[in-house]
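All chains are identified by letter, namely A, B, C and D, in their written order; residue positions are counted from 1 within each chain.
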């Protein structure tokens, strides 16, 4: 495959490439260019130029073009599903769900963009502006770099690239090295739909290098990134040099609290659903299962029983309930975390093994609240650490002891317990009576603490992808 | 004077102090503690503790307390005016104006805090949330560090400390080294009004050191800073390490564009008013005067004539129209910038001299658009660089060539010209038919490009001083 | 007492007066003028004139004046409490609660008025407005007639008169014939606080006559009324003639649904609290008690036991838990409704008698869902009709069978049951896990169906008390 | 043609019909049923039933269905254009413009419906709700009657029917007797798109009778009407009986003020464009031309010169610049108003004649501000009354002397003059530097005074087509 610079498909300037593998089979399915610093500079320069053209396209036309993109995208649904399963390893079912969500996102952003109002302030709210008209309008940042993760190539593309373009920005897209193919194809559809060619740039290569070239470039006005906290922090530091605006959706170690009044079957289903999805490679998966001690035994038994029915396997096998991890490296990391947790005293109750290089068995470990996995160790795999607690306050304390604060949930049908926990939990979201993995299109999704900066979704993204300007007509009403 | 840690007045732990001078006379008027790293740690720790108490105080009580603070503050208006003139050097009239603005700000934030609503989302806007209730609420960050500049000790205190407290945060306040006295007195009134004592902390000392100790402290959850771009960028970098939230109101080199249709007398008055105010030490002063060439001669003549009536002098002398610069160092810097501009070819038309150590004459220099002063050199003093231009497009280009983008203005009565410039100007605000120096209480005031990150004012500040949380009642309506 | 026309205290032009009684003793405490049609015309004419002056007072000054009114009002709290108890018959405790609520309302409206923003629309959201700036601003209606009920003279004055004035309208106030004294005193404080005198007009007399003269007057631009559905409908019809804007908060027959999972003691307390308050003379009192049949016996027993401790008595007697009805006529009406309900088959379980002319015993009647009291008969007194039901759906059906739809509640701690009922209930408000009588300052309080038109509270009232204007700067950005 | 009741095409129950004419030729093109009271009752009953089904369809599905309606509608654009020209008499060009606007409206409402948020209130904004969660949601009214005018069959259908359905209401549509055909076809497409059949009802017949049967029906929950002030007032009165919600967009006599600084050619073009459009049959046409006396002579000359180029003629003739009036009766009425104006002293400067039964010549009359046409006489035809004025204040007085207050405009490029007039004009909209006839999709379009009640457009309509409910989770956070 080739990159896109200024609307043209190109190789890396030094022709270097890297393989893209199918993690289900470890076969090479494609190669991607390894961009040079020069390539990145050219992409940013093209974007800067293209942005001047694109921002002058009226809003309603930009919306029409993005809606056309929606239609083209959904029109190729089957091909996209297959490609995503191929490069990322998620099952066909998971890939299909993601395409539908992504399509829904495009619509949502188009809707929200049309109706995103600014403000008009009452004259005379202060003694010195009695005849002034003051309003706000929103303006594009300019060039927005969209740095994408591997786990949701469709959704994150739509969460970042689509609103950036709707608000009049040009984009430089950097996909995850493991999953560039769907993203490239989507970028191509943007061109086909009619986005100003120079406003669409797509660069592949080493995450660390390309990322740092992008963030160091003074002509990049904003960076939106979803990925690990470690990388996100690096990006934030680099962006600070030029005061480049930055939105970060980072790691999480989300607590799902199961109270003793919970419907046990519902709880088990939610706990599994939120964690097996995409082989556990979800930022807002329920990664820590906090169970009230009075029901812990029973709950754990039921969970294990249910998990025994899970079938990890090749993503194209219709029997598979989840697929491989995205790469062998990723699977080895999960395996390592499991071992480390056992070493710290965790009691392995189910699974625990890596197999066929990239697959992880459904794994249940009983742990205590002082172990790393109950704090800041984020495991990106199908692992369910069970932590017992006695009181609601204890559950909140365990939940809040992590440096992360992305999302979380509580399974209870009791209004007061549910709302009290929702209020107390130090996280960007709390789902009452539902599992994790919750992200609605319009929701301001963003982490507290080390889980990120900013909130993404609906009008929140449109605001992050633009900057406010106040216009004053001084003494206008005089 | 002493600092405040956990509600108690204390010296620096090593008893070190530094003098505070009256810049009008260069006499020592007070000493301030030079905080040690240990002092900063203690202040942050106290704040963290105090915050847990303060956030539980109901919103309406917090508002009542801040309103009491308002009454105490305005009740000591005369003392505050004198103190500000003394330590900062602004004239009594300028100090009085600031006190009134600050009082108005407190009211505005109290009003806005009571009525700051979250959102409730329509169920079923997406296919997977058909029975979900989703809402947003706002929660405090925790400990907010407020790092204040010297030029508007009252207003900036109110822009930062008041909303931080209203939203349930504790504060660690770091005043400018030159102007700690008014701020200390205000912090004292917060305690008197009933803010949880440990939630109010006030640290003095070396800007660089204290600033870096504060931003490096993991228990500081957010930093709000107004000051220079150089320092702001350093703060941003340090905050990035821990993903500490940061709001920055930084430097500017605001263009004021005078079109040929302008009412000449009005234009001259606005151009002077926005720049002589506080001896030109205002971030959003009109620092670059862009005059259409067809009227440049006449305008410059009238400007010089009017400026000859300005009387820089001791801030307590009722004849003085503006006072000294805040310090000798500051005055020398202005002098240096004037000399540098002349060296670059600027034609000195009026003034240009420093006198009595801290005073600068009203200075007019004719310059060209390629000189530093027309680009990124921000002069914090009573200096009017005149830049000619022919067309509106040229005026916009000159205006946008700066790395700064704080604010700006245009003097014209023509709707289209005014609005076109307002739209084109790369700045957080554009005042049509008015000078610079415009900042209304509810206005989202914030810079584009290197002028800052975030927007401060009214509900915008309340949002910056808090973080959004979404609460989902999953399947609630089922 | 005298009326206020154009800022002056005056008698009726024909000197006619009527007695004001203390319903606790039936002694005459004052007389009020019975306004003539001429008086009403003069009041409206004065208001029209005064409005032109008042709307030009800047918003911040209007807020300052209304805040001064707040301070004057709260400064005379004790006198107001006594006067309200005297003329209306509510106990001193109930009167005190009302004064505090009313004061809170004034603050809320002042806060909300300062921060009530209009909108600024994105240019180009449509193909024909690509360079247009469009904004909205709010403008006063002009003359607003405020027709007040007897039950909450302080709160309703503040819900209507205060926001009307804040938005720049002049007012013509018509108090209830039974309770004019507190309202007159409040109107006087408005003048004292500095409201433009001609903008404050206060007319007493026959509700029917004065009401119809007011609504027929073409110079009355808006009418806001709280009272019975019968009168409200008449007002609506008359207002329709001149398209006079009308806001109506009318009758209710609010259901409070007690589910079998309810905490029984809490439920009993809420059921009593919401109905004994002000002797049951509250529009949003819980007037129909729907109890799940599985707990009906036990609940009713506990309710009766608790109600036996209620002590209706003279409003100034500290032992009294509630006072008389507002008038003998009102008490007779309640008595009649009780008798009618028994006649229809209701089973009297407690009380049922009127005594000392104006007092009603705490009354519990077991009824069925087809009786008038379970449908459209609104009893304004301390009467608890108990209706059994089996399923949640049945409870909703009973609740929705009434022509009224003001408010309602459900006592349960179950999220799903609570939210399902809240969604299904045809009423302007549903309180989950709480009794009726709920009205927060910022809440949009308004009835569905025959319970009214419009929603009152916070910004909703400010919007009702003003009209939107859109201002377009056509092709401004070109 | 037939009506639609409960999704079925039906005749009037008594088979009565009436002719529909082509006003350009006076030929009969169709017949419509004359509904009986029984028919109306059946339609409302069906709607009530259908609404229960339709409101349960999730929002996203309702949006999908209305988007499908959009596609079907635009897919038959040519047929719609021809049909509208045929039945209404507007030129093909005018009909085409309307179709495009209508399609844009559908999109706008779909976008706005998805993103219409409710509110979540801060706990503790008041002393008694410290642990309460309070939110608002919006609910359908139930059955909404949409009574449509003849002049914009496409746009008004979309302004009323589409948002009513999006918000979960069922509709009973009553088209204008002259122009039922386009509306019927559109209603059919709603069914085809998938709206619940019983939720779509379409009734033709005598405006007066059907209107009064609809408004008298207790099962009609809301009425939205665009038409004359006389009829609107009748509807308001009838709706008041049952407190049926009512939105009225009524007559106007909009002032367009031409100031002496205006660009003369632009002013003439706007003045003509806003008035010749659809033969002057537009509620917000510029019906009174107020010209500053200093330029009145020159302006009038240029206007007459330009109007001589207008070519009224058959709507299908490509040469025609405007078509016939909608009916002979309408044309005779215009003719009568012209004669009456001349009788009152108006000086006829151009045209003045009716020809070919339904056509009116472009007519210019010089009038004075005391004549009916300068006050409350609304002429629905291509007539330009010119009224001179000296000062801006005089222009505002003339403008505001009318009982109407729909919209208005001012031609000037001067910010202060433009904004001052915009603020002073008693009208729902003022266009600065543009003519009348302005209505953007998201704009709150609604009249002051006798021009209507409510504001229609974008989110404003969605709010009018629904009612707010507050849901309180009492003590939820405790």
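Criterion: a contact is a pair of C-beta atoms (placed from the backbone, for glycine too) under 8 Å apart; a residue touches a chain by one contact, two chains touch by 3 or more.
No experiment lies behind these values; they were computed from the predicted model shown.
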Original post:
Hey, how far apart are subunit B and subunit D in touch steps, shortest way?
Top reply: 1
**OP:** Have a look at C-D versus B-C and report the one with more C-beta pairs in contact.
**Re:** C-D
Original post:
For subunit B, which other chain has the most distant CA centre?
Top reply: D
Original post:
At what distance in angstrom does the C-alpha mean of subunit C lie from that of subunit A?
Top reply: 49
Original post:
Measuring from the mean C-alpha position of subunit B to the mean C-alpha position of subunit C, what distance in angstrom results?
Top reply: 45
Original post:
Could you state the distance in Å from the CA-based centre of subunit C to that of subunit D?
Top reply: 35
Original post:
Residues of subunit A that touch two or more other chains: which are they?
Top reply: 60, 104, 108, 114-115, 117, 121, 125-127, 133, 136-137, 415-416, 418-419, 423, 432-433, 442, 473, 475-476
**OP:** Note which residues of subunit B are touching subunit D in the complex, please.
**Re:** 58-61, 113-127, 130, 133, 135-138, 413-416, 418, 432-433
Original post:
For subunit B, which residues count as touching subunit C in their complex?
Top reply: 60, 104, 107-108, 110-112, 114-115, 117, 133, 415-416, 419-420, 423, 442, 458-459, 473, 475-478
**OP:** Name, in rising order, each residue of subunit B that touches subunit A in their complex.
**Re:** 100-101, 104, 108, 121, 125-129, 132, 134, 136-137, 229, 232-233, 236-237, 239-243, 245, 248, 250, 409, 418-419, 422-423, 427-434, 438, 440-446, 448-450, 452-453, 455, 460, 467-476
